[in-house]
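As written, the chains take the letters A, B and C, and residue 1 is the first residue of each chain.
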């Protein structure tokens, strides 16, 4: 049927190397999510602070993250900051770029979630003597994270997919980077990237399944 | 002792409190009645500093609530408040709802806070609902939980803002019983309410608010038995 | 920073890249939306069991990096089928399918958001399936789906930055070429970022406005 001989064995022989790459991909994505969530909470607090400067910083961050390509953000973290004499490794640049993106999108999700939590919740907390920050920390934030759980799962999947962009700044230890290097050695482009695609697909499914199980355990109310 | 001296408060152009003077003695149960928009609920939120006031003073045990130097978070530990909407924290179990403030505000240890929470929940009749989430409770049970939550801070004063207004008529009784229990134990209470029978039964004094002014204040027998102002007569006739 | 080696020719080069970004985006959004509507209605109409194969394929497009989709399509069409398509054609095909996968999800969600009683009422008045779709479902579903669709279109524009991998020189690739030549990354990236931002931000605002307005009535 095809004038092409598929050589799957060649690609599968490289599976261990690719799985090592998949581990790096997951590490970067998980780390960027953990830092991204923390930063998004800070950005949310900035927006709630009533300070013009702080909410200006937060809004700029969110809008730039949402209105420019993720690849642009990674370029900025790599080539852009190099103009200031700061030279990050590909790994760091990729992490920074994805984290910036995650934080921006998540902060916007958090803002939407906050609208669904009545003001009276924080007020009830304040009336018990909790400080403003405590009321946020113990009453508002847990509910905010609960409402944002599905968007956070989606963002996690995005973070996995975004790791593939690291190759543009010279990353070669993640799944995409490893596959690209193997391709340069063997020229089995289709087979190698097909295997990589299957691995990516499985990772996202595992994340979605894991998130569902986690949600069932965490949110019993 | 809670002293309210010539307190004024506006929302935009609308003046909701037009110079209120009122003193509540320790151990006293004061109920406030009046039509909607009479300012009675606003006064409660001013007493624990959730709302700022425009002029006048509110003193709680001699501490001026709205003074800059006052630590409101500390003061609020003395003053419990329960709202019409019970505001259960949906992500916490009944026990955790009640334990939260003692732990985070008073810095109680976990066993200490838990013992306090269990005691207060048993007090309001929810001893069998400790590990349930609020969404599983009826409105009346959630409101009693809110009362236990406030009591767990061992407040000296309790403010109740129309705590039965959002409840099904069937569930009003259990909450009023809880309030009666507190009153009989000597808690100093200010209750804004529409329940005239309750006001008549438990109050030491009843105040009638009308259009931002405290129109009358008297022991219940006197206020309900011989209302002086035409406004109060009209109000009582309408609610009877 | 303003003392720059950037020439008018370079700016024209960037503008061409921007033109390519817009071209690829418009093609992908147009055909992707048409396909997405077909897929979305199909999935809703036949139910989850029969639609399962389609659902799976569309999900694959949303679960694999676009970069890999482009490389795979390029390799498959070029090396396996030897079709000799241009990189631009491959880019448009992949982005179209990619868009349709997300669009189908939006369409299905929007149709499902129309309450069943409303539709039953329409059908009980004697409206045909087609009349029900065009007169009842469509106007209601558009309100739900349009803000997300605007978001999707902007997403496709941003994701189109990846078609460089099949040798299409769009805006970000043009920028990178100039960075290599002129060694002025910050200035060039700022120009490039500003271009994306100035298109995306106002449109995103419009989407947010529509969403707010329509969810209130």
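Following the convention adopted for this analysis, a residue touches a chain if its C-beta (ideal position, glycine included) is under 8 Å from a C-beta of that chain, and two chains touch if they have at least 3 such contacts.
Because the structure is a prediction, the values reported are computed rather than measured.
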Item to check | Closest chain to global C-alpha mean, per-chain Cα centroids | outcome: A
Checklist outcome for this item: Computed over C-alpha atoms, the centroid farthest from that of chain B is that of chain C
Item to check | Length of the line joining the C-alpha centres of chain A and chain B, rounded to whole Å | outcome: 46
Checklist outcome for this item: Per the C-alpha means, the centres of chain B and chain C lie apart by a whole-Å value of 55
Next on the checklist: What's the distance between the Cα centroids of chain A and chain C, rounded to whole Å?
Outcome noted: 20
Checklist entry - Counting only residues that touch at least 2 other chains, which ones in chain B make the list? => result none
Checklist outcome for this item: Residues in chain C with touches to at least two other chains are numbered none
Next on the checklist: If a residue has to touch 2 or more other chains to count, which residues of chain A qualify?
Outcome noted: none
Checklist outcome for this item: The answer for chain A against chain B in the complex is residues 118, 120-121, 123-131, 134, 138-139, 142-143, 146, 219-221
Item to check | Of all residues in chain B, those that touch chain A in their complex | outcome: 48, 50, 73-74, 76-77, 80-81, 83, 85, 87, 89-91, 100-101, 104-106, 133-135, 146, 149-150, 153
Next on the checklist: Looking at the complex, which residues from chain C come into contact with chain A?
Outcome noted: 60, 63-69, 71-72, 75-76, 79-82, 154, 158-159, 161-162, 172, 175-176, 179, 184-186, 189, 192-193, 196-197, 200-201, 204
Next on the checklist: Which residues of chain A touch chain C once you look at their complex with the stated criterion?
Outcome noted: 2-4, 63-64, 66-72, 75-76, 79-80, 82-84, 157, 161-165, 167, 176, 189-190, 193-194, 196-197, 200-201, 204-205
